[in-house]
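Pasting a structure here, questions to come.
By written order: A, B, C and D. Residues from 1 in each chain.
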């Protein structure tokens, strides 16, 4: 492992520390590795060491390069300074991807508490988007963020369909950052068709980091420490993992449905297609809204794709291809 | 194990099946056992066997008695028939608690999909409340419930501070019951100070039950099956578990804060106490809203108790007792 | 689930209890299920209920049919009575395989303590061999077995290459059945090329069964309860598991090497081939015993197959097929 | 984390690399940390990087300091050079324990393959004994060790009651170092009353290190990677762990029975006490060898302590203390 600390902004005391692992040789077919960029919390007043290296070790063990960002704090943190710090860090990692052997399209940001606010801003507002975001007991709501940094923006308003996949965890009894922050975030991710996973553990105070007992963790329910391994298998589901030949394709990936593609397609939800007049006409024949026997519930139409309906109905390959071609040829209407 | 099926309502084909385990003798100090009442899903059109016995086995192994409710369906399901079925079942279990060796204050309901709607109604509306509820990809929202059973009520509106602790799980890509149902539920539980744990797994279609591959599960992310063991340790946290002397006290329990007690107390949140004029006066001295140096964030006041603040500040035992006595003596105002 | 108890031998109070799960219908492509036959312990003096149904629940949840054998005890246990009881039970299960929907070549026996002795005898001596054996803190050595049942045989002497795959677990601090019993067994399995997995947990008294705290377990290290899930994934590795199309092929299977096949083959170990004169001649050219540079360690020749050596050496397909044909044509010598 | 590489022996290219974590400050009550000394494998021909840092990360995450020893190889490895390298490394760690904040009585050695041979020699032969040893697919038998380094000693012959607790893991299908090496070791540990835990996983080739897929692992059964977390909880059981006040006492510790204490005591096994003439006389009254009803099996007497027998029999505290005093006053005979 090569460890190095880069000063990103001397006046604001911003640094990026890299933990780079070897590739090739004994490490088989790996010519590059995915990476995590860790953003510790601390209320924009300090950067907690408890949420820095102990987190990095988990991802290093799993085969990732790790980076830790120490960003602008206190009076130097006037927005958008911290976001600029993040962008500078991510930009530097991607600019050096070749020499550092980083897979530049497989970089996740991991933030905790106020660092979770910054990581969520990276995921929603930045010019250097991460490919996935892992957010631990994050500050999300504008009023909560403002309590720590008056100029800090609300995250919810910035969530849109370009937000990267998010893994959100928190404890229900967080006694500093209300768990509502996490709930509001997943609600927004849901409304905007963004991929996510979320774990809200029943009991534990604020700031539990990895949940390891060596970090002075107390009053923490036994499920909490699972987020670490779960976030790693989730990352592999979203961005791909490893096998003996190198990096693998994602098992699931970030796409929830086809509604945001340029063209109408079979992965669009039934409800979305019904909102498009040409497609609606087509659907009125394929899936009548009112029919004899059991019909598709209205609520299900919002989440099921036309492709799934056709597959269930046993449509043959030619029929499916023909319908797909019809959809692709339609003019997409802006809702 | 003694297995028996009781007909609760012949006209509506309602049955309760019991799976009772032995107590005493080789089972040490156990004189009674906690129990689960399982409510399978099926859109109020059928009761799925995939969400019945395979679920029971997990809790039987963990030491619980298990019960399965098969409730009113289709035209017999006019509300509140299913809820009455539940109440009859739970009433029967509690009435027989002594002879069946059931710990009648440690009975959790477990419901899936439409059965999750019924279990959530049990948790929020019934006259025979369960002590905890485990809700798998539940139907919650009124419009979604209405898609399956037009007379079925909205759950969100019924959540209040008397709702029992809930363990909610779902998959983000549920293609039948939108995951929003689960999100709206935990949001409501949060707003009403109800204890909960929630897991929303990134990928998996509707109806995954325990996630065991013998149930024909497909396209399911690797974290999903964890809900089973996690719900068991959560149940023990909320209602108590087992040791070699018998049943144990809960580690955490259902109470989130002291705001809903009859008297003001040290477990009330700072924000709640500030909303009470007499207590607010007291707090203005103890925790000035504006002070030199770092003050308590407004958002944190909603989730931190006065007792925790005093403990962090190093207040001595006598001071704490005196403050407690003052609080207890105050008239509680209705907000 | 259909539960039924069959009296196998009234005079000796021998019973077989079945827990049969449904197939087909909602259970997808399953037309039959694998099964476990559980043999509780109790020093041939009683059959412990703690090692009966609580164990069955774990395998029922995983999709297996379960059976529990209560065998001859005390003065009725004169050997080979218990083994005959087992054979009668296994014979009955296989005879009814069709109507009970049992996959008759996927039946594992699970025995604990003295029941582990009987299960190990089933695996090594019986006329109705199980397809795999799971042995918990088993009695194995003749002198130990004799302490409980004077006529009970030593298991070690009966281990040979026809012994089925075994999963052996115990605690190092077992205070009743010395852990040496398990060690001697895996040593014998190793010497006879039998597939096995073993877990010896550092701390825990005798009789921990599944390790669930509802069974009055004390002083048990946290790893112990893992044997349950581990034995299930191991069973699937050995005998095959489930997917959405039904039963799957084993991932690894029971065969350790090709030494016990009728013909010499590429899966034979190098050491075994060197012990066969015709093959030894062939190997003297392929893998010279003494050569320049790094040679294959003698100890490794006992465990590596010729096929693996050729693959590592980059031999081409034609060469490999030609060598295989040569081996197949050789007369196998009895050592 | 502070990383530094010390040259221990320039002529032999021996180095010790340290990965030191911070104490105090944000790390609560920790004033020192336990440590692991990792010894990679490579047949005494090289030191594998796959068995070095990726292993360290797991223990660093858990709160341990980590060290990696790169020892004498090939012609420089004439025995006892590698053992001297180890002793120099462990000596250096203990000499610097104060300034490096190492808990010098909580240092485990972790070795793989040939490094497992060296670690096992450290545990059995060295003048600087580790407090625990974790041995992965180790070379143990003299003939196997000799295949890699002709002067390397047999480990089995060196096992005695002063050997530290060992955690031994391997795969049954190891195709380079026969699994018999691990079996012979745990057999010897058992015979000499040494604490151990052992996991032999059914399937996997040699050299799987942590089992992470980023290390090019193939054909490995799903249980294998569990050794990492299991070895950490085992270490805490043996040497103590962490809580919010700092380091904790071991839950179980290394002592298997009282047979090797200076004085006879209640933790001695019944069999051992029977081998001591004075104690045997006492036992003939307390636990008659032949008695009416069920007597204690001879095999059990080898593993059960007198103290446990008395506790089960319900002896009162005074009686127990009196017996203890009697035992303590007896002259211990050398067998």
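Definition applied: a contact is a pair of C-beta atoms (placed from the backbone, for glycine too) under 8 Å apart; a residue touches a chain by one contact, two chains touch by 3 or more.
Remember, predicted model here, so these are calculated numbers, not experimental data.
Participant: Quick check on the contact network: minimum steps from chain A to chain C?
Facilitator: Steps on the shortest route: 2.
Participant: Can you compute the centre-to-centre distance for chain B and chain C, using the mean CA position of each chain? Integer Å is fine.
Facilitator: Those two chain centres are 42 Å apart.
Participant: How many Å are there between the centre of chain C and the centre of chain D, using C-alpha atoms for each centre?
Facilitator: 29
Participant: Where in chain B do residues touch two or more of the other chains?
Facilitator: In chain B, nothing touches at least two other chains.
Participant: Is the chain-to-chain touch network here best called a line, a ring, a star, complete, or other?
Facilitator: Its topology is that of a ring.
Participant: Go ahead and list every pair of chains that touch.
Facilitator: All touching pairs, sorted by chain label, are A-B, A-D, B-C, C-D.
Participant: Going by the contact rule set out above, which residues of chain C touch chain D in the complex?
Facilitator: 43, 45, 141, 143-144, 147-148, 165, 167, 172-180, 183-184, 186-187, 190-191, 195-203, 221-223, 226, 230, 233-234, 237-238, 251-252, 256, 294, 297-300, 302-305, 308
Participant: Along chain C, where are the residues that touch chain B in the complex?
Facilitator: 1, 3, 21-22, 25-30, 33, 48-50, 53-54, 57-58, 60-64, 210, 212-218, 241-244
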